[in-house]
Amino acid sequence: MSRIDARLAELGLTLPAPLRLPPGVTLPFPWVSVRGNRVLISGHGPVEPDGSLSEPRGKVGADVTPEQARDLAGKVALAILASLRDELGDLDRITGWVKILGMVNSAPGFNQQPEVINGFTDIILDVFGTEVGRHARSAVGLAELPFNISVEIEGEVEITA
Amino acid sequence: MSRIDARLAELGLTLPAPLRLPPGVTLPFPWVSVRGNRVLISGHGPVEPDGSLSEPRGKVGADVTPEQARDLAGKVALAILASLRDELGDLDRITGWVKILGMVNSAPGFNQQPEVINGFTDIILDVFGTEVGRHARSAVGLAELPFNISVEIEGEVEITA
Amino acid sequence: MSRIDARLAELGLTLPAPLRLPPGVTLPFPWVSVRGNRVLISGHGPVEPDGSLSEPRGKVGADVTPEQARDLAGKVALAILASLRDELGDLDRITGWVKILGMVNSAPGFNQQPEVINGFTDIILDVFGTEVGRHARSAVGLAELPFNISVEIEGEVEITA
């Protein structure tokens, strides 16, 4: 068993199935793209274990509480790990988290984006440890997100080429 | 004739002239910046063949329909290709599309950003093929964009150094 | 004295102290992260010389004038330079500015994001010169930013590894 898979099991974390798209919808882009030792991660939303979009959706600070949004950001972390494992075969290949951009669907006046995105960062640090897991990041408020999801995160990791 | 130029001609696509700025305005940044084999693309908006900003402008979902926005995203693709050709000399030097960030000037409640940005992605895939053209991406809703344009896209491609 | 430090002194620019966080708050991410010869810069806001968040805050075009926002973008430049010097030891190690993303907390109808972010770009070009300092960039309007700051900027620079 890979070291990261063992760590996920130890933390009681299960990676979700791939995002379930409505019938007939196909995406013209990959969730993860490998370029040498760089791995680019497309924007992911939160999904449930079966791959359906997580609820609640909507604007954080109005339709969704900050605490719910923090949980949703954690689900984005698991969705991204699922995409990475699907593409890389083994999450142990990841040698460093480079950068993430955390985008929060924000109601007017909601300014706690960093606390929301901590739901993502905390899981990455728990799973990978601080040396591999630490990443530069921004956490900002978007006007709208696809499918009215509350949190979307994109980023980049490094692998051994 | 370069292979990509031939493909553009085959598809009936013509790259626009550089963006026409109002008199006296100069931009303190390059449209495209080469760093080794990485090419960083500044945020581009949609332009007409003569380099003027495309219409309509405004918020997608209110002032601009999703279909119009999809066309505008296609014009952004051509504007970016024009900037890349201007800097690189030959678009055949591009060995891979790495990542793009598609930003849609979104009216409240407009959540179809991915369909808008498909107008960009479809052209890149048509012109470069799926192997070179496929890219990680995010498609998200911005509150405002410069000059009230409806779509802005930034990204990165790889070249042979 | 380093060449860049000398240039900062010549321009009368002083780098601020690190951002002062409210008591008990710790950030789970680094301001700057070095990966080989790449240096990723987390989203920074404007700070005063003592490390406190700059005023005014709020939406540019409503609470904050474009001219004030331009000054705030200049303060973001200095905050980023402070974080880079803290991490790298010597700003002379920077061999190129790669890319920045300028995010402006924008009131409805405010579309002069590029002029705001010029407050950042102008300082970088003044301090590093056009060859090292020139960078690809986007300047866009966000719905909300953390702590209701008016400008946030993230980016990447290159160093000799």
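All chains are identified by letter, namely A, B and C, in their written order; residue positions are counted from 1 within each chain.
As a working rule, a residue touches a chain if its C-beta (ideal position, glycine included) is under 8 Å from a C-beta of that chain, and two chains touch if they have at least 3 such contacts.
Given the structure is predicted, the values throughout are model-derived calculations rather than measurements.
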item: Touch-based graph of the chains, sorted into line, ring, star, complete or other; value: complete
item: Subunit A onto subunit B, rotation angle from CA fit, given as a multiple of 5 degrees; value: 120
item: Classification of the subunit B:subunit C interface as same or different, half of numbers criterion; value: different
item: Rounded Å distance between subunit B and subunit C, as computed from the means of their C-alpha atoms; value: 26
item: Overlap residues in subunit C, where contacts from two or more other chains coincide; value: 101, 142-143
item: In the complex, subunit A residues that touch subunit B; value: 27-33, 35, 38, 40-43, 101, 103, 142-148, 152, 154, 156
item: Parts of subunit B lying in touch with subunit A, wherever the complex brings them together; value: 96, 98-99, 101, 104, 106, 108-114, 118, 121-122, 125, 134-143, 158
